[in-house]
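Worksheet for the structure shown next.
Going in written order, the chains are labelled A, B, C, D and E, and every chain counts its residues from 1.
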Amino acid sequence: MSEKEYIYFPGCSLEASAIEYDMSVRKVLAALGVKLIEPDDWSCCGSTPAHSVDHVFAAAVAARNLAIVEKMGASTVITACPACLSAFKKAHLRMKKEEGFKKEVNAILDEPYNCGVTAKSVLQILVEDIGPKPVAEKVTLDFPDLKVAPYYGCIINRPPEIMEFDDPENPMAMDNLMTSVGVKVCDFAFKVECCGAAFGVAKRKMVNELSSKVLSMALDAGANCLVVTCQLCHQNLDLRQGQINNTMGSSFNIPVLFFTQVMGLTYGYSPQELGIDKHNIQAEGLLKTRRPVEERIKEEQEKAKAKKPKAKKAEEEES
Amino acid sequence: MFIEKLKEAVRKILPEVDVVIGYRQGFDPLHATPYFLDKPEQVDQLIWNPLCVQNLCSYIPFLKGKVGVIVKGCDSRAIVQYMQEKLITRENIKVIGVPCLRVISVKKVMAAINQQTVQEVTFEGDNIIVKIPEGPKTIPSADVAPRKCATCQLATPLQYDVLAGEAIQSNKPQDTFEETKEFEKLSLEERRAYWEKEFDRCIRCYACRNACPMCICQDKCIAESRDPHWTSQRANVTEKAMFHMIHGLHLAGRCISCEECERVCPMDIPVAKIKKKISMDLKELFGYEAGMNPDDTPPMYTFKVEEATIEEHEI
Amino acid sequence: MRVGVFICHCGNNIAGTVEVAKVAEAARMMPGVAFATTYMYTCSEPGQEEIKEAIKREKLDRVVVAACSPRMHEVTFRRTVEKTGLNRYFFEMANIREHCSWIGEDKELNTNKAIEAIKLAVEKAKQNKPLFPAKFKINKRVLVIGGGVAGMQAALDCADGGLDVVLVEKSPSVGGMMARLDKTFPTVDCSICILGPKMVDVSQHEKINLYAYSEIEEIKGYVGNYQIKIRKKATYVDWSKCTGCGACIEKCPSRNAFDYFNFGVAPARAINIPFPQAIPKKAKIDAQFCRQFIKGKCGVCAKFCPVGAINYEMKDEIVTEDVGAIIVASGYGLIDLDKLPEYGGGRYPDVISGIQYERILNASGPTSGHIERPSDHAEPKTIVFVSCAGSRDKSIGIPYCSNFCCMYIAKQAILTKDHIPDSRSYVFYMDIRSPGKGYDEFTRRAQEEYGVQYIRGRVSRIYPKGKKMIVKGADTLLGTQVEIEADLVVLATAVTATTDARTLAEKLHISYDPHGFYVESHPKLRPVETNTSGVFLAGACQGPKDIPASVGQGSAAAAKVLSIFSKDTLESDPQIARVNTNICVGCRKCIGTCPFGAIEEQQLRDGRIIANVIETVCAGCGICNSTCPCGAIQLQHFTDNQLLAEVNALCLT
Amino acid sequence: MADTGFLPKENLPALLEALSKKFAVFAPVLDGEVVLFKRFAPGATLCLTRPANLPPKGIIFPQSETLFNFNFKKDPEDPKKTSLELKENLDFVPTIIFGSRPCDAQGFRIYDRVYLETDTADPYYKGRREKTTIITLACNAPSPGCFCTSVGRGPAESDGSDLMMTELGKGYFFEPMTEKGKEIFKDSLFEDGSAYKEQAQKAHERVSALVKKPFAILEGTPEKLLSLFENSQFWEGETAKCISCGACTYLCPTCYCFNITDEQVGNSGERIRSWDACMFFHFTLEASSHNPRQNKHQRLKNRVGHKFSYYPKKYQGVIACCGCGRCIRYCPMSVDISEIVAHAQGA
Amino acid sequence: MSYLAGKELRIVGFLCNWCSYGGADTAGVGRFKQPTDLRIIRVPCSGRVNPLFVVKALLNGADGVLVSGCHPRDCHYSDGNFYARRRLEMLKRLLPFLGIDERRFHYTWVSASEGARWKNVVTDFTKAIHELGPFHQKEEKTECS
């Protein structure tokens, strides 16, 4: 496997509330031979309320980090957090497009940002740079009970002209990635539906309704677990499940995992190593049955064999 | 002696052609001059040395019948370009190729000897020794070579029917257009001022145009005509600049970088600089170099439906 | 030189934002201007009379009219000027309406701009030379591209008018989109019942030569004399033998071919006849699905064909036809369902397009007219129609209205109720657009008599829940969100240009708009003409339109062709390149760059080789002119000196 | 006041500055590698060591000049009525050409016969010529290609100059030749020059002997050239290498041909007189598109013929070539007019 | 026109008859308001626009030059704009070498139906030229020698 190196921007959540996301990202990428370098002295990405108050300031906060990356001589920065990603991309694109804006932003910064850095998500590099084959090759364990509904949330791929990744209405990156590591993926109609997290404080009732729909659609789709790529989605769907059950009269008990955690599991890491035990809804039940991946492959081959003669027969009948 | 080989080649070709164009000694030891000969007894007047600078190909498109011509590597690109543009019938031209590693710029020698009268010129190794009233002066040839020689890749002509001497390889680095890029580092105002000053000297003698092997319009040039009436006869910078733009743009994708235009300018205007810039851009845009491959088409006379290198411009 | 300048008020169109009197005053002071005046409507008959009188009275030898765009009235005024004996190319036009009065807000600046536009025109006019058209013979045959209802109408009208018609249809049968429809609005006539006879007429008309399953390969020439190369695509069935019996289709083992005619509602056989009423009714093999081609063995159809028509070795064939005019009726396309991912288009089988539903409704369609939903062939009870699925949606690049969806949705809803009386239909709409005769009454009937529930609002998402499709949208009249559990969702997918519209336009040298629809010469007054003389438009290739409009255009285009063919010769445009033999140095650069091959070498008596322009072939683009280094070749009416006069008038003062 | 003067080299700028107050002073200045006559400004780098690339002829006979401006005035009442207004400027400023060479000054003498000494003097030439004082520097070495002694002139020839100067070691010896020259000479910066007169004379003789002599005599040359007029083979041979550019003509101190063109934009314009060259196709191009000098050999024949045959035939045997050698020195192809004349003599 | 000095700059447009001239007409018909500086010279095809016209205009007094033709592949004469694209691109790169800001020259493609696009092209280009200011400040001096 070729050694790859990326500048990795963890962001604030991944050092705190979503530390398990960070743990799993690092584990999985290390397994894939990817080296992560954390920029020195990185700071807030600017996705905080800054952008609802002052666009120049918000961009400057993001650009400060991009300038650091640029100075390191890199042209790409990766982050697991979609909010960071969105903040970087927004600042970068607008500075690139509008010379005047760029000047305004750079006037605030000590080191100017010259628009030479592309921000990508961990998901994006897994799909585009590493690819399904190396991802699949690292798999050692199979979890036959696990049926996941990939939930993308609102910003990882939208608005498309800014995020420049995957289909805005029917993204498939995580679906494909989960399939690559041998996890059963359910076709989930609500994969980009709003969960309401942004109004978590102001309009709790609405959030509960929206989130409850996401959860119930996942069950309808046949899933027993949600996988997410955003720690805010995670927080909303995992932590709030009790609240949803209380207000909506439901009894959801659906574990919500980061996609990197699922990958890590199939790579043989323990739930503890991946921080799965930190979640509100425990996933133990789904992870109990596990077997070496070879068994599954063997099973599949046998199934295919059993099918083939039949198909041949049908063909003969037709002709 | 190389000159004997050359004379031998000319003697051999002379019966097959109506005229051979070579060099003989000019009005002083520093100047060679083109020599048109059609009789065997004239052959002995031929000379060959690094001062044989003129691109003799320039005459070919205007001559009738069969023509023999002495051609250096750099000059040979003119033959190739004529072939591209179907301006000559190749069979009617007998190219006597001469290997050449470097010629000498008369202007540079004259500057080095402070424009004095030259009494004698000899060549010794890689030096030219010029005798002036105060005595002989030895100058390394490389110091007084035209700039095209510094990056010459064609020590042996691309096209020849007879090669006088042995084919040799170029020992020069590729042209990376350093000078052009360096000039582009100047500010717009500096560049504009530069050209205003340079063009100001132009006397519109059209030596650059008439010496250019690719300026095939010559007498019909639009710089002088009233129909079409592109320029007036005013001697101001605008009109002079207009003429040089006509010259430059008509040579876009056709200029073979022989730098004759600049060599012949009596006012010492760096007119080849513009052509070089265009050549650089066209090489970058279309990977094209004029006068290298007879099967090419000059880039301004063709197109691709999808131009990979041309992006739409935003305002 | 005595130039006359006529400045048009154009009512208030120009005079409202340009001080025309001041413009006339300034024009009088321009060099060479002998007369300048203003007029309320210069293009009106008295306006033109005024010009004619002034030419005589003031002895004018050049005329400039400052008014609207020359694309509008240059021809008009050239004719006016010519009637007085002046050469028509002594006329110039200054565009002070579209390029000035209508776009500038400052009266002072507009007035100045108008003055300068006139200055430009006067300087150009003074450089103008008299030009004289040549006459050439025309080939009175017409090519019709597209055998839909518009193309068939055009072909029939031309043929009835006595012209030989070459009709080229891309698919194996004529009929186009209309042949796929079940009923037509607002009469609820059976579509194929009214179209069928026309299709038969086309096939039987002795003046019409039909090339079905053929495409335009290359078009050369100019009005009056086109050379067309037509690619007859390999059908692998010898149509001279095929009787259309259908035995091959019966036996074909490859049952999963895509059914183009039915828009994939049900699978087809690899050898097929698109529909029972097809003209010609001949079979063809879709090679990408045929086992003989995929696996190299099968040969079932060949075995069963009673007349031995199957020929797997068949190759595309190129035939050449010479014609004098072309009618383009290449029709329209529809956006793919998967362009609408928020509606699950392409993902959920029970979300279908309007045209698919049309096939499901149709008695000769794959379900024999029984309404079934694709997923489980159950009869749907709740059907939701979504209008503007893609139309009027800038985000996917379709800002325009698709013209006829509102009407066919009403029709389909009505038909649904007829088929399944206990069904309920919902229509999500933005606006109901029903401006045709009897159209609005029709949509009202759908609502009032058939109880179709119209919900004004957009659908945000469609997703499956169990066997149902949940349609989630807004009801903007009630100001609420609505969710409807539907059994079947029909999307009125946006009308687009056909996928190869642009390629065809390039072959025809006609323009298309950003969406691929062909651009007519004038949106109001020359709706079926193009800017390429001899090429006419009919039907939806010019923009979405319904059947009566398409038929009308078909007839209109035919009338245009008959009108130009009413003469035996045409006049060539003298605005072509001309070589000054004294200047040409014979460098041949123009020859290589001419897109039309209109320049040849010519040897003069003194042996000089120079360029020579073939008058009838030159189209007048002027590429040669800007290529020629010595200015020997000049595009008449746009010579270097004429353009330089304009540049100088602008820059040197 | 002595009739000759001496000026130490270090006083030269002061002299020029003083003259600049009363005159427009043009002096040879180095521009890159090129020496050009430019309006003198304090601090300019004079170049007196070699003849200027371009002779000072343009100061009196500009490369391009507006003869007059015209304006068509329109009657606002009746746009068909137009009146023409002409405006010419014959008000020329007093000028000094400083540092021209004897050959350059000689050039003006060739002009004078055409533009001044006729019944129809050219007012533009006359106006400038009469207001111009020419201060000529005798040559102290021949330049490449020059041959003035062969055409009856010399490196210290004073005809055409108002004031002659000769470089002698630490300064210049001055000798006024005309009244205009004496006017200049009044300046107090000059020392008495009588002591240097002989030295100057010797210098002149020394240089004169160094000048190349491509042909010994000129007698009979005009007639000989005329007799070769129809001999196109001779001329084709001599001019095969000529590329028919105008460098020789435009650098020539004696070439005086011009072209007249009108340039008009809108109602006004100007009539322009500009240098023309008989080496150009357009020089003799007729409106019918016929051209009596279609080929370059006909054109170069005209150039040689004009200087060595037609002009002397018309003007008492005066050769219209001053032998400055510029046409040879700067010819792109090293065409040598003296060689052609020599060949003609021998043909 | 001296009385407008200061308000307008000299912008010359070469528009092909079939597309861009029509596009400008369409913009007019749609009453898309535009700055008034632009003066339009109608040519049959962008391929007719010899780059020397642009040079001539810029050297002689224009502050900006705009060339607009049909979109590539959509040329009425099939190839004209392909040639124009190469030649004008070459020119655009050359101008700054001579000290002329390349922003003073713009070439683009506008079809007859793109009235709104035309309005934007004119508005943006005029704005850009005004930002650059006048190109010809000083009077051209005429040489004597």
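A few remarks follow.
We adopt the following convention: contacts are C-beta pairs under 8 Å (C-beta built on N, C-alpha and C of every residue); 3 or more make two chains touch, one makes a residue touch a chain.
Keep in mind that what you see is a predicted model, and the values were worked out from it rather than measured.
In summary, no chain was found to touch both chain A and chain C. With contact taken as defined at the outset, chain A and chain D are each touched by C.
Ranked by the number of C-beta pairs in contact, the top chain pair here is C-E.
Central chain (C-alpha centroid nearest the global protein C-alpha centroid): E. Of all the chains, the one whose CA centre sits at the greatest distance from that of chain D is A. Taking the mean of the C-alpha atoms as each chain's centre, chain A and chain B sit 64 Å apart.
Put simply, the C-alpha centre of chain C and that of chain D have 71 angstrom between them.
Note on chain placement: the centre of chain B and the centre of chain D lie 30 Å apart, centres being C-alpha means.
Taking each chain's centre as the mean of its C-alpha atoms, chain D lies 45 Å from chain E. Contact with two or more other chains is made by residues 51, 56, 60, 73, 79, 83, 87, 142-143 of chain E.
Contacts with at least two other chains are made by no residue of chain A. Looking at chain D, one finds that residues 36, 54, 62-64 touch two or more other chains.
The residues of chain E lying in touch with chain B in their complex are 51-52, 55-56, 59-60, 72-73, 79, 82-83, 85-87, 89-94, 96-101, 103, 106-109, 121, 124-125, 128, 140-143. Residues 85-87, 216-218, 220-222, 225, 227-230, 250, 297, 300-302 of chain B touch chain C in their complex. Partner chain E is touched in their complex by these residues of chain C: 69-72, 95, 97-100, 102-106, 108-110, 112-113, 115-117, 120, 502, 505-506, 509-514, 519, 531-532, 575, 593, 595-596, 619-623, 625-627, 635, 638, 640, 643-644, 646-648, 650-653.
Of all residues in chain D, only 72, 74, 76, 79-80, 264-267, 289 touch chain C in the complex they form.
Put simply, chain C touches chain D in their complex at residues 2, 25, 28-31, 33-36, 58, 119, 582, 648-649, 652-653.
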